[in-house]
Amino acid sequence: MLENFSFRTIAEYLPLFGNGFVATLWLSIVSFAGALAVGTLLCAMNLQRSQVLKLPAKIYIDAIRATPLLAQLYFLYFGLPRLGIVLPELFVGILALALNSGAYIAEIIRAGILSISRGQVEASVASGMTYSQRMRLVILPQAVRVTIPPLLGQAIVLVKDSALLSLISVAELTRAGQLLASDRFMPAEGFITTAACYLLLYYALKSLAVLSARWLGVRPIRVRA
Amino acid sequence: MIEFRGVNKWFGALHVLRDITLSVEPREVVVVCGPSGSGKSTLIRCINGLEAINDGALVVDGQRLGDRTTNMTGLRAEIGFVFQAFNLYPHKTALENVTLAPIHVRKIPRAEAEASGREMLAKVGLADKFDTYPAELSGGQQQRVAIARCLCMRPKIMLFDEPTSALDPEMISEVLDVMVGVAEEGMTMMVVTHEMGFARKVAQRVVFMDAGAIVETGTPEEFFADPKTDRSRAFLSKILRH
Amino acid sequence: MIWFQLQSLVGSYPLALRGLGMTVALSGISLVLGTILGFALGVLRTSGSRLLSSAIGLWVDLIRGTPFLVQIFLIFFILPELGVELDAFTAGIIALTNLAACFICEIVAAGIRSVPTGQVEAALASGLSKWQRMRQVVLPQAMRVSLPPLVGQYVLLIKDSSVVSAIGLTDLTRVGWLVVQRVPNGLLVFAIVGIGYFIVCYPLILLARRLERRMSAAHGEVQL
């Protein structure tokens, strides 16, 4: 089978993979934007003193991180209709990715904020800044810089995780590979092409992460488990 | 015991050892001094092969370094090396630090190695610290463990790379006292240090290096009383002032 | 209605137990195999030849750069084409072991690189052989750094094992999928599935955090 690996068939299916690639790309971008919003909100809640906001955020983050994305995806896919919410598969997928990645992003932002040295906090306190001035003028500008490389790392994870959406029939990259594999009984052609497309995205994001760390001159921060 | 013949070494374009010719006899104690960046650490790191030489010959204990037939691991077992930063193994107690190489390199039975390890630790004044981890020891104590770690291998040569430079002033003498003791037992030693009191007390020769070359050698008496070059005079006036 | 569903769910508990057993078996076996392989690769990555090191680096990148689902499909559908007959369970073990080994390789390599050069020099100077240096001096210190992310990696591995349900293995997630066809309450069914994973994963997450705290305390870092 591998000796007659058919590039012709791949060429024939190229439009399908092209569409899949674009779909994976934009649904990842939308999900990541959503995840950033979810993550920022969760982190803000988690940094409060009051348990009223802190506790739900903590429970949510731990619950997401201790369960598989696939189970979360099925939870929404089979569960939302039960609540009378019927969404297209694509929306369910994006929702699941955003809610899942948001929990990880919340921890990245938290690690970024905690990585700012005590000296910076003390210096801003000493110069008479309020809590919000301190956050806005001193801590967040520095925290944003250090979180950019790990956020790009999370983007890599999200792009790969989006492959699971093929299991609820969202037409994206992995789905394109499955179609080629099942239509023509050519799993090698289908999945190697799929893998190659993901590698393209991976290397692009990885280079961006490495370069951004260099441009920003930041050292890696430690995000807790 | 140690013989440099026209040794040269480069770090990239930087010429760090220039035409070094020097020979150290058995039981001799040689102190190497010179300004920072003069190549003195590199010089002694070459002797046990932590740095490779690029040119010339270096013969240690009858074996020529860089030869295919020279068993570096075997040779290193005969040479003790004391680092400026101690480099004790943080995950092992003082006793485990000093017995690791005897057990694994010399293949001495554990009980025997531990007995001699205790003896050596007692000798450097740490009889109460056998089971202490390095992090719980002061700098001076750590460096004494490091010396005991070398002595446990019963080496033929001991090399010291600025053994007191990382220490607080009040701890320097406890380490130097141990080193004097080792020297008085007839160990062949090369010591990179600015401790001129130590040099006066036990060294047969002082070697002064600058910019990768040996500028002057002499007995401590000659060197301190009558330095022959401008560079050594300038160096001595700086270190003796404080 | 809910009562009826609950009864029906209770009736599915032998299936659920089988699913949990499958998840535990898959993760457990590949966790052990992946750790062994990952350590070997990590040591070779840092101290083998440059060629070997780059070859391992490339493989790790290929695995880290593609979705696990695609890797499973590749192994399950393509190895038979190459004449390797394998069932879904073996395919799942191979895929998970490979995934774990690649991530653990990088964790171990990072741990080894974090050991100060002075430690290696001290071991070198006392005449320890290459293997003795690794075994006695480098690895024990690398472990301190590697342990927390290693435990974190185990959590990811257990969660990733859910993806093998895609090739028909009846693990915990697949059981949920089967049950939900009979009992049409996705919220309830997958909440229970989630609790199953949570019970296994959460203690490991707590352990990883504890190890992290202990390590940063040992390094004298400020805790905010």
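All chains are identified by letter, namely A, B and C, in their written order; residue positions are counted from 1 within each chain.
Everything that follows uses one rule, which is that contacts are C-beta pairs under 8 Å (C-beta built on N, C-alpha and C of every residue); 3 or more make two chains touch, one makes a residue touch a chain.
To keep track of the chains, here are their UniProt names: A, C = Amino acid ABC transporter permease; B = Polar amino acid ABC transporter ATP-binding protein.
A quick note: this is a predicted structure, and the numbers were derived from the prediction, not measured.
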- Task: Taking CA centroids for every chain, report which one is farthest away from chain A.
- Result: B
- Mind having a look at which chain is the central one, using mean CA positions? C
- Message: Taking the mean of the C-alpha atoms as each chain's centre, how many Å separate chain B from chain C?
- Response: 46
- Message: On a C-alpha centroid basis, what's the spacing between chain A and chain B, in Å?
- Response: 54
- Can you give the whole-Å distance between the Cα centres of chain A and chain C? 19
- Message: Please output the residue numbers of chain C that touch at least 2 other chains, ranges allowed.
- Response: none
- Item | Residues of chain B defined as touching chain C within the complex | 48-50, 73-81, 83, 85, 87-91, 100-101, 104-105, 149-150, 153
- In the complex, chain A touches chain C at residues 1-2, 62-63, 65-72, 74-83, 114, 117-118, 156, 160-164, 166-167, 174, 177-178, 181, 187-188, 191-192, 194-195, 198-199, 202-203, 206, 222, 224-225
- chain C residues touching chain A in their complex are 61-62, 64-71, 73-74, 77-78, 81-82, 148-149, 151-152, 155, 159-163, 165-166, 172-173, 176-177, 180, 184-187, 189-191, 193-194, 197-198, 201-202, 205, 208-209, 212, 216, 222, 224
- Query: In the complex of these two chains, what residues of chain C are touching chain B?
  - Reply: 116, 118-119, 121-129, 132, 136-137, 140-141, 144
